Amino acid sequence: MADLSVDIGTLHLKNPVMPASGTYGYGPEFDDFYDVSRLGAIVTKACTSKHREGNRYPRMVETPMGMLNSVGLQNKGVDYFISTIYPAVSHYDTHIIVNVSDSTVDGYVEVAGKLEALEKITAIELNISCPNVKEGGMAFGTSCPMAASVTKAVRDVYHKTLIVKLSPNVTNIAEIARAVEAEGADSVSLINTLLGMAIDIEKRSPLLSTITGGLSGPAVKPIALRMVWQVANAVKIPVIGMGGISNASDAIEFLLAGATAVQIGTANFVDPMVCVRVIDGINEYLDRHNCKSVNEIIGALRA
Amino acid sequence: MTKFIHDFKVLQNREVSKGYHVLVLQCLQQLPAIFPGQFAQLLVENSPSTYLRRPISIYDVDPVENTISLLVKVVGSGTAHISALQEGNTLNLVYPLGNSFSLPEGKKVLLVGGGVGIAPMLLLSKFIHSHGKEVSVLIGGRTSADIIEPDQYAKYATVGITTEDGSLGHKGLVTTHSYFDSVGKYSMIYACGPDPMMKAVAGIATRAGIPCEVSLENLMACGIGACLCCIAETTSGNKTTCVDGPVFNVKDLSGWDRSK
Amino acid sequence: MADLSVDIGTLHLKNPVMPASGTYGYGPEFDDFYDVSRLGAIVTKACTSKHREGNRYPRMVETPMGMLNSVGLQNKGVDYFISTIYPAVSHYDTHIIVNVSDSTVDGYVEVAGKLEALEKITAIELNISCPNVKEGGMAFGTSCPMAASVTKAVRDVYHKTLIVKLSPNVTNIAEIARAVEAEGADSVSLINTLLGMAIDIEKRSPLLSTITGGLSGPAVKPIALRMVWQVANAVKIPVIGMGGISNASDAIEFLLAGATAVQIGTANFVDPMVCVRVIDGINEYLDRHNCKSVNEIIGALRA
Amino acid sequence: MTKFIHDFKVLQNREVSKGYHVLVLQCLQQLPAIFPGQFAQLLVENSPSTYLRRPISIYDVDPVENTISLLVKVVGSGTAHISALQEGNTLNLVYPLGNSFSLPEGKKVLLVGGGVGIAPMLLLSKFIHSHGKEVSVLIGGRTSADIIEPDQYAKYATVGITTEDGSLGHKGLVTTHSYFDSVGKYSMIYACGPDPMMKAVAGIATRAGIPCEVSLENLMACGIGACLCCIAETTSGNKTTCVDGPVFNVKDLSGWDRSK
């Protein structure tokens, strides 16, 4: 049994595996399948300043080895999170990271500020990359100045671990990563979904109510891995890698490419046990390769 | 209700009508309690164009044999692969998922199923019948080939049939069947099938002041409330059809023009 | 039988289907399977000013519903093309479009200038988006000024139909499309491959000699379709859409999204007959929908 | 040589050794001429992790029965699916692809196959034998389980066997077999197997001044010269292994340290 623990900011994670925001609810959804506290951390669905209904149905389409979604940040708002959801999840014996989204810098600041008071919320993940909202969302993640400004504003009010989640829909993701690192982000996570589209040729209409949506799943893995590798080579803060991870082998690719931890999203829908299987699989790999700690393989790509 | 991930062994695969298969699946563990209207998320292996699981209603349950049955209509690659499973194959299910139909207050109820929408109605008939109620089942389809195993209901219900082409039962849409002539005698109406059919039934029920539950077949990714892809618009906001549904009382659904 | 013909610049194509550069050789590779002249056009492998050996082996990895390649413009140079390849393909009764690549603007200009003299070469496709070369290549396609400058320079010397092939590895592809349109491009084609990566976890080394490579195949279709839709809404010149097309239904999605023609790449490897199957499938669809001409469905998405 | 895309019917699938399958495939059209060393690109259906075709050598040809055989070793998902094909299943091939081994000048030749690299050697034995030459076949493997159907060669060749663990034949690497003691008597050596094995054989041949042909198993996308993914570095630049190969004379391959 190798030492699987890794550090992200001030968080000491028992292992480098967490679910990706928006694919895991808040944790209890998976209680029936395994002990959710086994995860390195839980990452919640996006939390915004106000209640949001999200986009209209239909919100998903299956695509080759992946899916498009346009959920659009449906959630009951930060106050509801604090009053109702937090009490229901704070018993978990692992870190809880809240994914924070909004349409305005003030909104992000409001949510982050309110969450800081919650003892069990040890980090937030600033979602500046949601492709599924009309205002804000991805726009913040596709320009260095905007990414920097929202990071800076949140950094001013939020003193725990601040992870910024990057958009892959950019020319140079390393540049954005450096911009948020410069403003004090403790870590970057990537990738959020790639903007995509699908059409019903019989009806001649888009298959999503929002026309475009975010692509995730195994299809995007090669792109995600490349971006994680680029970013890991560009910043000093730890990188959390995700995009299409479906098994331990995929996760290890991300670790080798330089990710300190990984998130697993869409694969939870196909195999609800995937997160624990990945934890076990990483452990087996480390044992087989005589590694005492997962840190030995982080960034260990021979390139 | 606790959800499980279990492997099932295919005991039988009968093509009950062209393109409709009934699969009898034996659970390798002990089956949990399953309520009418609940569904399972099926893992479709070896289908390159099927990445996500597929939601399929529980058609029948046999606690003695520790089996469940599914009624599957082939509409695409996923259902084609499921329907091609052979005796002895293994199928992985996440189940039982979703809420279930509620027990009616009164004595007489009407169940309406259109096409493969009939799937949850068998278990529902049994369930309501076992509570001493009188059940009428109305099965509608385009042609006789879409009327699946009507005999199955005989023990629990009176069965009416409609087909659009008149090849079996009454000719016409399900809502033109005589059961609807004296609809007032039913204390509850349940419907599952194509949206237009359910909306028509919901309209009749609402106008007659009868509570009506429908089972929605929204597109699903997770099936367990984690992704928020499958939402239905309700009078109290967007609800998941996989956890808060698939069964909804039509009075709670927005945009179901119930007065028309 | 509907009218399948479409116009791209001065080219009148008998149908909107052509193979994508680098996936079809020069045409003769497919002679055994069907009459290559049935295609709307042939698009050749990249042609550069000088002979190039391309990148080292290994140059490909399979990925979920796709592949990464790092061929890197292997070809014998424009003079060899003119002396040896051109005579071997000029008998085809369809348009031949040469994909033009290089590392410098001068190189592009040299190739384009030399090709203009060839009667049967009715158009060139300026590849400013190859991710698999160290110099030039994709760099030209990821900034508006660079894309504009190479287009302008080639436009000055090349007077037949000029198609510019865009890179998807950008924040705003519509902007790049507008920049090349402004410099006189007659058409844009997209998408080239998305930059990706794959790792051999046992060897802890990249699976491509070049570390990163270009992702293609069904996996990228949702992204490609979204980009084609964005570009078609941004420019007036015809758009040639590609990325993951494997059957007529996929091709029709691109046409509905606004592509005037489509290219089929990776799918040729899986089904060498795919191009003619797509032509036949489009025809069937048009008949079934009572369309007299394919032009009726181009951009006909109800969004 | 004309390439075809043909559907084949699986007549037989024998697991000839653990993880090695011989498939006998009947062509639904007339088989074209096939030369030793050529291969086919197999369409792998129903394998979500296998998108591209898979290159497999032609193991044997029976023009009378209009069949070909393939020898497949399971190494991943694609070969697992191919090896799971059952009698009556259909398999789509693009074939025959690549160049082929050349006929030797002299009388005696040595064929060396390592593991599944033996696949092209059966047809090659037959071919050379039919031209009145004397064929020695040397089959190497890690254990006896990797020595596939040595009896097949008896009619056409003298057969030598080596295993690394000594479980069959001579113990050691293929190059330690006594056939190499008097290697000078061969006018040509042919090899197919893992790269290190082929390089070792190539080294011996070169030092002895004997022409040597090897068959490379480079990763392929198209198999027909269209993508340039499969290149081998040769003294005259990069060549495709799918069209210019898979058979190369080692003297033309760069980086094959032939003097060592």
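To keep things simple, chains are lettered A, B, C and D as they appear, and every chain counts its residues starting from 1.
Just so we're on the same page, a contact is a pair of C-beta atoms (placed from the backbone, for glycine too) under 8 Å apart; a residue touches a chain by one contact, two chains touch by 3 or more.
Worth saying up front: this structure is predicted, and the values here are computed from it rather than measured.
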Steps needed, at fewest, to go from chain B to chain D via touching chains: 1
Computed distance of Cα centres, chain C from chain B, in Å: 47
Inter-chain centre distance, chain A versus chain B - centres from mean C-alpha coordinates, in Å: 36
CA centroid of chain A to CA centroid of chain C, Å: 34
Per-residue multi-chain contacts in chain A, two or more chains: 63-66, 217-218
Contacts with 2+ other chains: residues of chain B: 48, 51
Graph class of chain-chain contacts, one of line, ring, star, complete, other: ring
Full enumeration of touching chain pairs: A-B, A-C, B-D, C-D
Interfacial residue positions of chain A with respect to chain C in the complex: 63-66, 68, 142-143, 169-171, 194-199, 201, 203-206, 211-212, 215, 217-223, 225-226, 229, 244, 249, 252-253, 256-257, 285, 297, 300-303
Of all residues in chain A, those that touch chain B in their complex: 22-25, 29-30, 32-33, 45, 53-54, 56-67, 69, 71, 74, 217-218, 266, 268-273
Touch list for chain D against partner chain C, complex: 2-5, 43, 48-53, 94, 218-233, 237-238
Contacting residues of chain B [partner chain D, same complex]: 46-48, 51
